[in-house]
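What follows is a set of structures to go through.
In the two complexes below, chain A is the common chain; its partner is chain B in one and chain C in the other.
Our next item is the complex of A and B:
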C-alpha cells in the first residue's frame, strides 16, 4: 500500500523547503523537494557597487553567517585580480573556522539531536548511571550525578507545567528512538550546555568583524587592523581573547560533541546503511594557505568523486563554461533561450515564472515546475555537497589528519568505510570535520601570532580599491565551502557596477528538484529507501533530511506511485 | 495566563544559585533594560511570578539571522528564557515537531491563548504575485500573519526585514517585500537591525514580561531604551570625528590608531542603535570597534543608501540632543547640512588637544609612517 503524508513545515532548519514523496510498504520510494521562498537578491544586486555586494549576499543566510560574504569578496577580488595580505587570509580562515565549528555544533544539538534523542524519556533516567556513562566518555567537568539530577528536574518541571514550548508535539515515544533514558538525559544536558557555549565562540567574529551574526567583510582584506602599540586596534588583549575562545572550542568539541556523537551513533548503526542517495560528491575546497588562486594549498581540498570511487578524485573548474550549469525544467524561472537549456552562472538568468497553484494550496504539481530552487549539475552529474563530500574528497586525496580521524571514528563504531555513504555518515562527517577545524584554527592562530612577531601586520591591499583603477569589464568567481557544502558566486562587473551576479549555494545542489532527464538531486535521492515506521510521524524522513543540515524550511509530502493523492494523513 | 510552572527564582534556587546570586542577576537584568539599580526589586518580583507567557515566532522572508542573534543572548541566556521565562510554542528554528504537529502547536496557541500570546515576526511578507514568493504549509506568509496577528497581545517585528523589508525590499524589490506594520493594522514594536543585538532582543522580551506592557516607543515604533541614540553620539571614536582625525584607507596609519571611520562611509551619524553602548556578543565589540564603518543596518532603506564606502556627502549636523524624530523628519525632506562645516569649524579646536595628548603618551615621531 502506498501512502501520502503531509508534513509541513519540517522545522529545525533554515528557510522554507517542501518535499513530496511516496511511501510504499513502510519505505520511501520517491520524493520531490521544493523551495517555497524566494527573495530575488540576484536581481537586487544588479547595478550596485561590487564592493558592497558582500553585505547584500551575506543576508542570504544568517545561520551560515559570513560565508556568502567570503564568497562574494573572493568573487570581486578574482575579477579585479586583487590578492589579500597573508594576515587577511589568516583572519578570514579563523572566521571561517569559527562559523563552521559553531554551525556544526548547533546543528548537532539544536537542529538534529531531537531526531535521535527522546526528551520525554529523560524523566525515566537514573542520573547516577548517566553520570557514570558521561565520565566513561570524557573528562568534561559537568558530569557529576547532581548535575544530571538537576537537569532532569528542570525538564520534569517543564513537562509538568503543561507548557512544553519547543518540545510540544514532538515524536516522543516513537519506536524509532533507540537511546536508553540515561543517554537521552546526557544528550539533553549537553543540548543546554551547547546552547550556552555556542554564544562564546562567535565572539571571534565580533573581534575581527564587529558582530555576529553578520560580521563585516571587506574586498581586499579584512576591516580590522593590528597594532600592538594601540588600544584602538587588534592588540594583545584581543588576540588573547581569540586564543582563549579557540582553546575552549577544542575542549567543548573533544570532550562533549565528539563523545556524544559516538555514543549516540553506536545505537543507530543501522543508519549507516540508510539515506545514502547520490554517489557523487563535490567540494570546492577552502582555507587557502598560499592564496585563493592556489587550490593545492587549501587545507580542505577541491575535487569531485563519481560513483563513490575513492580511488579517483576529479578536478573541478567552476570557470569552465561546460562544467557547472543550472537547469530550470522544474523551477519557477524562465530562460530567454527556453527552459530546457542549462546556463553557466556567468551567463545565468534570474527571471521569475511562477506556474504553481495560488495559495492556500494543498499540493504542488510535481510533473511541472515545483520549486524556487534551480537545478545545478557538474558535467551533467547530480552532486552531493557538504561535510561528507569534503571529508570523502580529503580522505581520497590522502589528507593525513582526515584519514586518521575517519579511521578512529569508523573503528570506534566498528563499521566499514561504506557506512559513510549514509545518513549516519553525513552526521559523523560533520563531527569529524569539526574536530579537524578546531585544531586548524589553533594552527592558524599560531601563524598569525608568528606573523605579528615578525612585524607583518598588513590586513588590506588598497591597490584596486578605487573603481577608477578597474577595467571596463571583469568576471570573477568566488568559491567557498559553506558549512552545508560547496558555495560559489559568479560576478560580472561592467562600468564599475555589477552587471550580473549569480549564486549557486549548497542547498541548490542538495535540495533542488530533478533535472530534465529525471535525475534526482541529493535530498530526493537520499530519501529513497528510507523506512517510515509510523506514517503519522515521519521521523525517519526528517532524520535523513536533517543529516544534510538544510538551509531552508521544508514540507514533506508523500505521493502514491502515480502521483495521485490517496489520502492526507493528519498527524495529531 | 493561569498556567503552572516555577518562577525563575525557584528554578535558579534548584540549580544551586543563592538568593544573593539571584538578586545580582536581577540587578544585571535591570541594568540591561535600562532600569538602573532601583529597578532591581521590580525585576526580582517579576522573575518570582509563576507564569510563562505563550510566544509564537513566525518566519517569513528572512535569513534566520534574528533567531541566531537571539540565541546569542548573554543575560539572561537563552536556555533560561526558553525553559523558565516564556513558552516558545512555535518557532521553526528550534521546535522539535515538524509538519502537522508543528502547525498544531501554532493553531493551539492562537486559539487557547487568544489575546494573551506574544507574536514575534522575523522576516518580511511578499505581497507580489498573490504571495507565492513565500509559502509555508501551502499558505502564504500574508495569510499566516493575518491569522496570527489577529489575537496577539503584542506584536514584535524582529530585525530590519519585519520592520522595513530589509535586503529583499531593496530596489527593485522583486517580490513586493513588505514590513509587517503595513499589514497587521495594529501597533507593532519595531526592533530593527540586521540582525538586532542579542541582548536588545532579550531586553525587549524581558521588558514585556517584567512590566506587563511594551517598552516606551518612539514615533517609528522603536523602543526608546535601545534606539534613542545615534551610534555616532555614543561611539568611542567620536572624539576623533570632533577633532577631524579620520581613517582615509583601510589599515592605514589612522586605521591602526582607531580614528573615526566617517570618511570610509560610516553611517553612525544617521543610525539609531545601541551598538556603541550595549555592543555585540556579550559586550565584545561592534562594527566600528573592529575597524569597519557602520552600514546603518537598523535604518529603513539603508540598502539603497549606498554605496556603503562613499562617505555621507553631507548629513544634518544635528546636535547630540537631536531625537530620532527630528533626524528622521529632516532626512525625509532631504534637508542636509555639510558635514565639513561640523567637522572642520565646530570641533577642529579639539584636534590639537588630542594630538598633544598623543604626543605625550606616544614616543614615536609625529611624522606619519608610510602605510605598508
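Our next item is the complex of A and C:
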C-alpha cells in the first residue's frame, strides 16, 4: 500500500517548504520538494545604488541575515574591482565564523536534536547515572547529579503546565527514538546550556557590526574603526570581550557539542546508511586569507565532487556562463526563450508564472510546475550544498585539520568513510565544521590583534567608493558559504545603478524541484529509501530533511493512496 | 529598570514589517526615558533571546493576522506562547518559542505585546498599505506614552 506525505506551512521569513513523499511498504519510494522563498528581490533592487543592496538582501532570510550582506558586498566589490584591507577580511571572517558556529549549535540542539532525543523519556532518567555518563564524556562543569535532577524537575514542571510550546510537536515515545533516558536527560540539559551560550556568542556581531540581528556591512571594508584607547571605537576592552567569547565557544563546542554529537550518534549508526541521496557536492569556499580573488587561500576550499569520488575535486567558476544555470521546467516562472533553457544568473530572468492550484489544495501537479524555487545545476549536475559538501571537499583536497577531525569522528563511531554520505554524515559534518571554525576564529582573532599592535588599523578601502570612478557597466559575483550551503549573488551594474540582481541560495540547490531531465535535487533524492515506521509520525522523513538545516519551516501532511489527507503535522 | 522595545517583522513584505517601522518611528521621535533600548529585531529569532532576557521588561511590536480592521492594534500581555494572537511566525524557532525558552531556563518573561492587525502580506514590497502607514505614528505614540508612564512610576 502506498501513502503520500506532504510538507507545507507558512513562515514569515523565507517562505515555506512542502514535501510530497510516496511511502510504500514502510519506505519512501518517491519525493517532490516544493518551496516558497522570498522572490523578486531583484525588482526591489533594480535602479538602486549597489552600495545599499546589502541592507535589503540581509532581510530576505531570518536565519542567515549577515551572510546575504556579505555575499552582496562581495558582489559589488567584485564588479568594481575593490580589494578590502587585511583587517576588513579578518573582521568579516570573525563575523562569518560567529554566524556559522551559532547557527550550527542552534541547529543541532534546537532544531535537530529533538529528532533523536525523546523529551518525554527524560522524566524516567536517573540523574546520578546521567552524571556518570556526562563526567565520562567531558569536563563540562555542569555535570553533577544535583544539576541533572534540577533540569529534570524543570522539564517535569514544564510538561505538567500543559504549555509544551517548543516541545509541543514532538513524536515523544516513538519507537524510532533509541537513546536511554539518561542520555536523553543529558542532551536536554545541554539544550538549555546551549540556549544560554548562544546568547553570548552573537555579541561578536554587535561588537563588529554595530547591531544584531541585522549587523552593518560596508562595500570596501567593514564599518568599524579600531582604536585601542578610544571609548567609542573598538578598543582593548571590546577586543578582550571578543577574545573571551571565542575561548568560551571553543570550550562549549569541545566539551558539550562534540561529545553529545558522538554520544547520540553512537545509538543511531544505522543512519550512516540512510538519507545519502545525491552523489555530487558543491562548495564555493569561504574565509579568504589573501583576498576574495584568491580561492586557493580560502580556509574552506572551493570545489565540486562528482559521484562521491574523493580522489578528484573539480574547479568551480561561477563566472563561467556555462557552469551554473537555473532551470524552470517545474518552477512557476517563464523565460523569454522558453522554459526548457537554462540561464546563468547574470542572464537570469524573474517573470512569475503561477500555474498551480489555488490554495488550499491537496496535491501539486508534479508532472508540471510545482515550486517557486528554480532548479540550479552545475555543469548540468544536481549538487548537494552544505557542511557535508564543504567537509568532503576539504577532505578530498587534503585539508589536514579536516582529515584529522573526520578520522577521529569515524574512529570513535567505528563507521566507514562511506557513512559520511548520509543523514548522520550531514549532521556529523556540521559538528566537525564547528570545531574547525572555533579554532580558526581564534587564529583569525590573533592575527587581528597582531595587526593592531603593529599599527595596521585600516578597515576600509575608499578608492572606488565614489560612483564617478565606476565604469559604465560592471558585472560581479559575490560567493559565500552560508551555514546551510553555497550562496551567491550575481550583480549587473549599469549607469551607477543596479541593472540586474540574482540570488541563488543554498535551499535553491537543495530544495529545488526536478530539472528538465528528471534529475532530482538533494532533498528529493535523499528521501528515497528512507524508512517510515509509522506514517502518522513521519519522524524519519523529518530527520533527513532537518539534517540539511533547511531555511524553510515545514509541516507534514499524510495522504492515503486515494489522495485523501489523513494527517497534518507541523514540523519544528 | 531596563526596558527593551523590540520591533519584529520583515520590511521586504510590506505590512508584515510594521513592527520595525514602529520602532524606527519611536526612535526618531524625540527623547525616551532612561533605561529604554529600542531594537529593530527584523527577521531575527533565536538571536533575540539575549537582548530580551537582558531587559527587565520587553515591549514587543509585531503584526498579527487576526481578521480585525487593518491598522488597528491591541495591547496584550501574553504569558505563554499559546496566548499569542495568530501571527505569521511559523519559522522553526519563532518569537513565540522564545517565550517558552524563558520558562525552560527557569525565568518568567515580563512581556507586553503591541499586536498590529494586517490584512494580507504581499509577495515583496517595501511600501506598506495606507492603513498601516497611518497606524505607525499611533502605535508609536501609545508606546511612548506607556514608556513615560512607567518611568514616572516609583521603583518597586
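In this section, the second predicted complex is superposed on the first by the 538 of 572 C-alpha atoms of A that agree within 3 Å, B and C clash if a C-alpha of one lies under 4 Å from a C-alpha of the other, contacts with A are read in each partner's own complex, and residues count from 1 in each chain.
One rule holds for everything that comes next: a contact is a pair of C-beta atoms (placed from the backbone, for glycine too) under 8 Å apart; a residue touches a chain by one contact, two chains touch by 3 or more.
Bear in mind that the values here come from a model prediction, so they are computed numbers and not experimental data.
Engineer: Report for A:40: first if it touches chain B alone, second if chain C alone, otherwise both or neither.
Structural biologist: In the superposition, A:40 touches chain B and chain C alike.
Engineer: Applying the document's definition of touch, where does A:356 land relative to chain B and chain C: first, second, both, or neither?
Structural biologist: Touch status of A:356: first partner only.
Engineer: Please indicate which partner A:212 is in contact with in the superposed arrangement: first for chain B, second for chain C, both, or neither.
Structural biologist: Both chain B and chain C are touched by A:212.
Engineer: Of chain B and chain C, which one touches more of chain A's residues?
Structural biologist: Partner touching more chain A residues in the overlay: B.
Engineer: By the touch definition at the top of the document, which applies to A:310: first (chain B), second (chain C), both, or neither?
Structural biologist: Neither partner.
Engineer: After lining up the shared chain so the two structures overlap, which partner does A:250 touch, if you call chain B first and chain C second: first, second, both or neither?
Structural biologist: After superposing on A, A:250 lies clear of both chain B and chain C.
Engineer: Examine A:460 and indicate which partner it touches, taking first as chain B and second as chain C; both and neither are also allowed.
Structural biologist: first
Engineer: With both complexes superposed on chain A, which partner does A:443 reach: first (chain B), second (chain C), both or neither?
Structural biologist: After superposing on A, A:443 lies clear of both chain B and chain C.
Engineer: In the superposed view, which residues of chain A touch chain B and also chain C?
Structural biologist: Common to the two interfaces on chain A: residues 9-14, 16, 38-41, 43-44, 56, 59-63, 65, 110, 154, 158, 161, 163, 165-167, 192, 195-196, 198-199, 202-203, 205, 211-214, 553, 555, 570, 572.
Engineer: Sort out for me which residues of chain C touch chain A in the complex.
Structural biologist: 9-13, 16, 39-51, 53, 80-82, 87-94, 96-97, 99-101, 103-106, 121, 123-126
Engineer: Report the residues of chain B in contact with chain A in the complex, numbered from low to high.
Structural biologist: Residue list for chain B touching chain A: 3-6, 11, 14-16, 52, 54, 59-69, 71-74, 77-79, 82-83, 86-89, 91-105, 126, 129-140, 143, 166-168, 170-175, 177, 194-195, 197-198, 237, 249-252, 255-259, 275, 280-282, 284-292, 295, 297, 303, 306-309, 362, 364, 371-372.
Engineer: Which of the residues in chain A end up touching chain B in this complex?
Structural biologist: 5-16, 18, 36-41, 43-44, 48-49, 51-52, 55-56, 59-63, 65, 110, 114, 119, 150, 153-154, 157-158, 160-171, 192, 195-196, 198-199, 202-203, 205-216, 218, 220-221, 223-227, 229-233, 241, 352, 354, 356, 358-363, 372, 457-460, 462, 465, 537-538, 542, 553, 555-556, 570-572
Engineer: Inside the complex, what are the residues of chain A that reach chain C?
Structural biologist: Result: residues 9-14, 16, 38-41, 43-44, 56, 59-63, 65, 102, 106, 110-111, 154-155, 158, 161, 163, 165-167, 192, 195-196, 198-200, 202-203, 205, 211-214, 553, 555, 570, 572 of chain A touch chain C.
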